[in-house]
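Below, chain A partners chain B and then partners chain C, in two separate complexes.
Let's look at the complex of A and B:
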């Protein structure tokens, strides 16, 4: 998927994460801040990058502000932001396909 | 991926707790409260511009979190919104046990949802017929059409009244004696029993009025409801207490089931237990009491 316009998903509440995606200049530029950076920073980064790869996003500026989200929440927020940036978040989501 | 077992159409549903599907902090550990069912909400709890985000969050929660024995139902948006079809796709793809149809007013509403559910089951390779349905009656028309709604589909396991919207339509407000919804509750119970499905009462929203809450739960039990929708975990324990059978009822039920079985072998249809006339008509009620007692941890025998 191609990031067409800036989009944001998620909140700054506890157990959530706020993910912003913007059009990139080739490659993934990830900026991560987390309330559990020391314990889980690497795991969060890996989950975000895997999710982007599954969605076939190869160029984007991604900002994640994590408030202790579980992996399943991180995935949900990244996916929602990407689909929103393409104007495709409202219907016909490939549940179980690229979204899994 | 957590594979959920095939949903049971008839199971214990004393408490059904609403949770906003958009809030990760709520849905990640919803099973710890011990309610019989949780109701993940895509409808009123989710703001209009967050419907899409709630579905992504719901999908991964359904696929990732082990809710154990807690039943997982999803309340979808009304058929008059642009959201309900995608809501159904995500519920089926994620493997929710059942779907609650909001603002249901006719058998046709149930059939419309059923058709979309079946299409989704085929699309996602889910066994056709797996996903259960229940209807929320929120308007006078819904109450008047209760029987056709309750009997519209083999997937229907229950029906619930939604007090907030219904009272608005009727120009009334919650009353301590329940007179505001007495007829509607009664009509819905009749319809549910006639159709052979379960019946659930609405939420009690004033968390500071414990006395009013308890009075309403006691009335629900007396009227014959199977359970109640809840908005806060602190309401669960009282409902479970009220809906649990008494020790005397359990002993009596055990005696009745045993006596009916023994006498059936001897060819006796009607007889007395502790001075009361008993026949086969008492069997379903007695078995239900024992099942309920088992769920409440009061019965460990092997009669049910």
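Let's look at the complex of A and C:
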């Protein structure tokens, strides 16, 4: 999927994450802030990148402010931000396809 | 539980009074520039937390003393970021007290510059400011470099005098035009008139100040105690930011116009003369250009336009600025200046 416009999903509340995606200049540029950076920073980064790859996003600027979200929450927030950014959140969500 | 987070309309006087009371209780005043305010109310409709926006900034955040430690501000900031995202602003800025800076760090904000003991300026992009400096660095040139920062609202012979003087005394002159919109003359016009007016000077490079050099018109004042402190803190912050920009362009001198009439500018220049040498940058205060033994200033030009005396500006501005204002294209801008109530202070 192609990131067409900036979009945001999630919140800054405890156990959630706020994900912002913006059009990139080729490649994924990830900026991560987390309240559990030392313990789970690598895991969070891997989950975000994996989700983006699954959605076939190859160029984006992604900002994640994590407040201790579980992997499933993080995935859902990334998916939501990406769908919002390409206008797919109202319809055309690929249930059973890229979203599993 | 049972909290409600909602926008507060400027016409909702009851809620606005609650906001004022909460801000006062937390030791801050309402900022003069706010374009969106929200409140978090409990089930009895008491205000527990509030926050506001102006342009691409987040301001006037407060949580009631009895409700602190519940993460309410996170909800308020999330809401304000969503409001900003709807406006198309994802690059956000805020100003806060140094003791709260860590809290905003946890919300994904990064420090740009700070004034010890009074204020920290933050943005939500890790590399926002360093990318701006890196972009400036591409225009770096050999030899001695000086800088001038101006609003150029609009570009007058006074500005040209300052620029010519600085350009003559240095190999290169980097000219920063304040890109924030803080008056009736839009930034693209202001910048174009500067570029046209300095086109005959080959060693002048024009830059947009970007979001990092802030106009005094929109500098937040809400947690500083009085007017003079606001001006001094604004100047101090501006100089810290400038001190970080200067090395990218190898700037060793800054030129400013002398100001006798304006208290604000006088205080500003005083701070600059004190702080710049500490940052290793020389400060040159250049006397104002006078026409008919009166100093030329952009506010005089705006006043003349405001009063309908368009011809009157001709001796005060370069030919390039005049030909713009004499052209039909300037119509809407002239109308906007004439609609303004206060044209003097920007």
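Assume the second predicted complex is superposed on the first by the 100 of 100 C-alpha atoms of A that agree within 3 Å, B and C clash if a C-alpha of one lies under 4 Å from a C-alpha of the other, contacts with A are read in each partner's own complex, and residues count from 1 in each chain.
Throughout what follows, a residue touches a chain if its C-beta (ideal position, glycine included) is under 8 Å from a C-beta of that chain, and two chains touch if they have at least 3 such contacts.
Remember, it's a predicted structure, so these values are computed and weren't measured experimentally.
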item	value
Contacts of A:31 with chain B and chain C, given as first, second, both or neither	second
First, second, both or neither for A:50, with chain B first and chain C second	neither
Which superposed partner A:13 touches (first chain B, second chain C, both, neither)	both
Chain B versus chain C as contact partner of A:65, first or second or both or neither	second
Partner chain in contact with A:22 - chain B first, chain C second, else both or neither	second
Set of chain A residues, in rising order, touched by both chain B and chain C	13-14
In the complex with chain C, residue positions of chain A that touch it	6-8, 11-14, 18, 20, 22, 31, 33, 35, 63, 65, 67
Contact set on chain A toward chain B in their complex	9-10, 13-16, 69-73, 75-77, 79-80, 83-84, 89-93, 95-96, 99-100
Chain A contact footprint on chain B (complex, rising order)	23-25, 28, 51-53, 55-57, 59-61, 63-65, 82, 85-86, 89-90, 93-94, 124
Chain C to chain A touching residues, read off their complex	71, 74-75, 77-78, 81-82, 85, 88, 90, 105-108, 124-127
